[in-house]
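I've put the structures underneath this note.
Both of the next two complexes hold subunit A, though its partner changes from subunit B to subunit C.
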Partner chain A sequence: MAALPKRIIKETERLVSDPVPGITATPLEENLRYFEVTIDGPSSSPYAGGVFQLELYLPDDYPMCAPKVRFLTKIYHPNIDKLGRICLDVLKDNWSPALQIRTILLSIQALLGAPNPDDPLANDVAEDWKKDEKKAIEVAKEWTVRFAKAKLEE
Partner chain B sequence: MSDSDDHDEDHEYQSFEFESDYEDEYFDNQSENSSSSTRSHNERVSPSKTSTSFNEWTLPKFILTVFLDKYQKLKDSKLGGCTDDDLLILLHYKRWQADEVINDFFDNPKKLFEQAGLPVPPQKSANHLKSTTSFDCSVCCESYKQVMVYELSCSHRYCLFCYHHYIYNELSTGKLIHCIQPDCALTIPHGDIDKIFDIVEHDSSIIKITKPLNENRLLVASAKIFVDSQSTYKWCPAPDCKGFTELVSSATFDEATLDYKDISIIPIVRCAESHEFCFSCNYENHLPCPCWVVKKWIKKCQDDSETINWIDANTSACPNCLSSIEKNGGCNHMTCKKCHHEFCWVCLGNWSEHNNSYYKCNKFEQDMSEIEMKKSKSRLTLQRYLHFYKRFTIHESSMQGDLKVLKQINNVAVMYLESRRKDSSVTSLAWSDIQFLPDAIRALSNGRKTLKWTYCFAYYLMDSNFQEIFESNQDYLNRTVEDLSEIFEKITTTSTKGDSDIVKLIMKNKTKIINLSNTISLRQKTLIDGAYHNLKEGLMKFDA
Partner chain C sequence: MLQNLGPSSSNPHSHSSPPTSTPTGTSPAQPPPPIGGRRSSFGLNFLSNFNAMRSNHQPASPPTDNTHSFMSNSPTIANLNNYAMSTTLHDEAVANAQSSTTNSDSDNLQLSEPETDLLESEEDRNGMDKDGFFSVRLTPLIDHSSSASGLYFSPVIRKIKPEANISIGRYTEKNKAAAHAPQGSSAPIVFKSKVVSRSHALFQCNEDGQWFLKDCKSSSGTFLNHIRLSPASQESSLMPLVDGDIVQLGMDYRGGAEEVYRCVKMRCEFNKSWQRKVNQFNLEIHKKLKNLQINTEEPSDLAECAICLNKIEPCQALFISPCSHAWHYKCIRPIIIKSYPQFYCPNCRTMCDLETDLDEDE
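Moving on to the complex of A and B:
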């Protein structure tokens, strides 16, 4: 494997020395391009109190192309599908090499606080969300308790 | 034309008539020659009813006519305060709709500039591409003592390596490329993109030779995307060919309603490099075959051919269960692993019937039992396929040989001209004197292409009297093609011996070459027209 680019080393250092509140990102020792991530659900959202696990991978072309991020914890959200894939502009067309791991993770956290059922990835969830938002939020809360809190208590 | 020339010509005609058996064609040729002596031999051969018209394009030509023509017009109209770079960006942003640019400009210039990523007037673009010292690039995080950097008027500055890599990735979208900074919408001018590439890829900051605008990397990428997205444009399928073709008479070409069973509507077009191809299936010129037959044939060939060829050449089928068996050693007493049938490898007869008289395989009067019939039938089907497939591929590989000859023939042509120049009796000399050689090669190659596809055609054709006519047309074409091919074979093998020999050979054969290539084009046309007519009248049918 080629040597790790300076950019990745610097970002990793900063993630450890100056962590973002509510977000952790730890690289694997055997693969420094692979990060284990946790994001706390935003307090004013149905995901409050949950801790969501994600995986993040920096492709060879990083930072010229976006990191690959996926939810590992089950989540009920119109922009996140069954496999944990995320529909977020900055992860696709709007990626810029000036963005960073930390900014991406912050964007994902913000997405939890502001679901966008008009640009859905999980169609069934988005439909429920649009039909009856109150009920959908209840389900999201329930899932948070079942999947994102249970792990915490274990 | 002088008298002596005339005489020469006559003589050649006679020898031509004498050497080959084209008497019937001879008179046709004469009349044909008189009218078509100036006509090129590689004229498109297609059913006369086809009404497709098309434009041949190359990317630089396309960019010049479709993109930059508008740019020129807009430059002339002098939109207040716009630089050339600005205009190009505005046009690109508006997808080369000059009217929209003008309308929006007079409507709300501020909004238009903002949308296209230009500094809003009266602020001017201030892009810098310069060398700087002790710079930390925030994208690659490298600290440079000295490095080239690029910035737009927003002053977001990054090292040139990062910009190069970034632009390289962005080019694939064919859209305008903005500053790296995510919330900054300023657009990088087209010219700067080429400059950045030249500097980084040539590892030098003093490159002065810039590409012409119609070869600009972003414009090329954008044109490619445009061509890809339009159904009236198609890339030439020939290997390494960068040409593409636009189908103009779209009234007769409606993809959705077309029935490609009718050979009359096969849109055979040509690219800027004279490659002919079918606009509908994006395959080479496959006349006389309709597209659907071509599709079927190609699929069949892909499925079977290689494997079957190998199996046919290297194995025998067990006479009992028809499993393919490869003999990799040992004696001729075979026992099938599958059905345990014992047989002789040489005659494929029952081993027991050999009665220990080893390898005397002269028993041939086996009664044709039902199984035998079935076996021979399946073998016959296979052999029929292989018969056509073999001829199809032979012509395909010969065509590649022709291409090589075409390359060689250019040297030969120069040689020929040189020696003619030295000859004092020749007063005028022009490149057109030798043009018949490449023309003939092209005629040969095109003839072969048609011939190749006749085997696919014949494979699916149902038996009828008209099929026999088709086959005799095919045979005629085949003979002419082989005759011309032989002459070229001689020329190219002689070309290693010496200049004078080859020039003599070409002189001797000039009329013959011209006549043969005319005959090829003529017979090709006859064959295709005939096939078209008979298919249309229902006299010939495909066995699908």
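Moving on to the complex of A and C:
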């Protein structure tokens, strides 16, 4: 494998020395471009109390292209689909090399706090969300307890 | 923000099915936003040199400056900015610690600080300028890495009063004058392409500075972020626009081999005339860069290169954008050549024209 760019080493070091509250990102020893990520659900959201696991991969042309990020924990959210794929502008067209792993993860945490059913990825969820937001929030809470908290109690 | 969610499955910003390549994961919030949607900051403020700069001479006060007013209309990003605050504060502490060694420099800067408020108040929150105009700037979307490049045109700036329209159409003998209208006028926008209809589309702006786009029965279509607004020869409804949206007029004809058969692809910026004037930040950076060359003994407090995250140091080849962000030339080069002469700043998302005349001002 080609040498790891200094930028990735720097980012990794800073994630350790100056961690983001509510977010962890740990690279695998055997592949330093692959990170195991956890994000705490924002406290004012239906995901509060949950700890969500994600995977993050830095492609070869990072930082000229966006990291690939996916939820591993099941989550009920209009912008996140069954496979954990995330619909977020900064992960696609609006990626900028001035963004970093930490800012992308903050964006994702912010997305949990501000679901946007008008720009859906999971159409069924988005429709439920638009039809009956209260109920959708209940389901999201339920899923959080079932999938994002169970892990903690193990 | 989430409550006044905009209409429509026909909203070109929403996906109807899991997209293969998301046209715009962008603009989660397409509801006509109350404030003139500025997507320009994107929570990037806290990354850019801007805050780091300010922190050096505003040690005690938290960044209450424009970080808020520039906030985008996207809920996710807006939130991010809030999150960013805490990060910034922390970074500031670090920056302050470092900057204590370079006092002489920061003293100079402190004198000029109050002017910043003047600069900001020139335009109100909606992005209306002091004469009561809203502005749009169109720059060709160039991508040298793709073979299908649209028509090249010089950037166009237009200003209109609230509730007014600007028509967009093909260049003809009759509207010749519009093609040579001065930047910042309210003249129609015309393109020398045969795939653009004579009356193709129009821009409209409401009282809040929110811009809209409508297809006026064009034959080859108007596309907003890759999605066609209406079938051929049918008028579309008014679609809300946000800063950074990509609009395409027509489609390439005969493979776009000849210039006149190319479609027009452009990026739109709204109500950002403030950004084009020299501001305090630009002056401060200019000063710092001068020091970088002269005074090699003191550590520079110019921020690090946002791409490689290393410090910007003397004797390195740098590129400084018109918006006053700086990177190592080596780091930024791929971005410069990708869309030359347009340059889309990765730090602040300003569109810059690298072919601008150098003797233009003063």
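Keep this in mind: the second predicted complex is superposed on the first by the 154 of 154 C-alpha atoms of A that agree within 3 Å, B and C clash if a C-alpha of one lies under 4 Å from a C-alpha of the other, contacts with A are read in each partner's own complex, and residues count from 1 in each chain.
Keep in mind that, in the parts below, contacts are C-beta pairs under 8 Å (C-beta built on N, C-alpha and C of every residue); 3 or more make two chains touch, one makes a residue touch a chain.
None of the values given here were measured: they were computed from a predicted structure.
> Of the two partner chains, subunit B (first) and subunit C (second), which one does A:39 touch, if any: first, second, both, or neither?
A:39 sits against neither subunit B nor subunit C.
> Counting only touches as set out at the top, which of subunit B and subunit C does A:125 meet: first, second, both, neither?
neither
> Between subunit B (first) and subunit C (second), which, if any, makes contact with A:65: first, second, both or neither?
First partner only.
> Spot which of subunit B and subunit C makes contact with more residues of subunit A, would you?
C
> I'd like to know which partner A:79 touches here: subunit B for first, subunit C for second, both or neither.
A:79 sits against subunit C, while subunit B stays out of touch.
> A:114 contacts which: subunit B (first), subunit C (second), both, neither?
In the superposition, A:114 contacts subunit C only.
> With both complexes superposed on chain A, which partner does A:98 reach: first (subunit B), second (subunit C), both or neither?
Both partners, subunit B and subunit C.
> Answer with first, second, both or neither: which of subunit B and subunit C does A:148 touch in the superposed model?
In the superposition, A:148 contacts neither subunit B nor subunit C.
> Quick check on my understanding: which residues of subunit A belong to both its subunit B contact set and its subunit C contact set?
Dual-contact residues (subunit A): 6-7, 10-11, 63-64, 90, 94, 96-99.
> Tell me, which parts of subunit B touch subunit A in their complex?
Those residues of subunit B that touch subunit A are 138-142, 156, 158, 162, 165-166, 169, 180-182.
> What does subunit A use to touch subunit B in their complex?
Its residues touching subunit B are 5-7, 9-11, 61, 63-65, 90, 94, 96-99.
> List the residues on subunit A that touch subunit C in their complex, please.
Residue positions touching the partner: 6-7, 10-11, 18, 20-21, 63-64, 79, 81, 85, 87-94, 96-100, 102-103, 106-107, 109-111, 113-121, 123, 130.
> If we count contacts the way the header does, which residues on subunit C are in touch with subunit A in the complex?
1-2, 5-6, 11, 13-19, 21-31, 42-44, 47-48, 74-80, 82-84, 86-87, 90, 244, 306-310, 334-335, 346-347, 349
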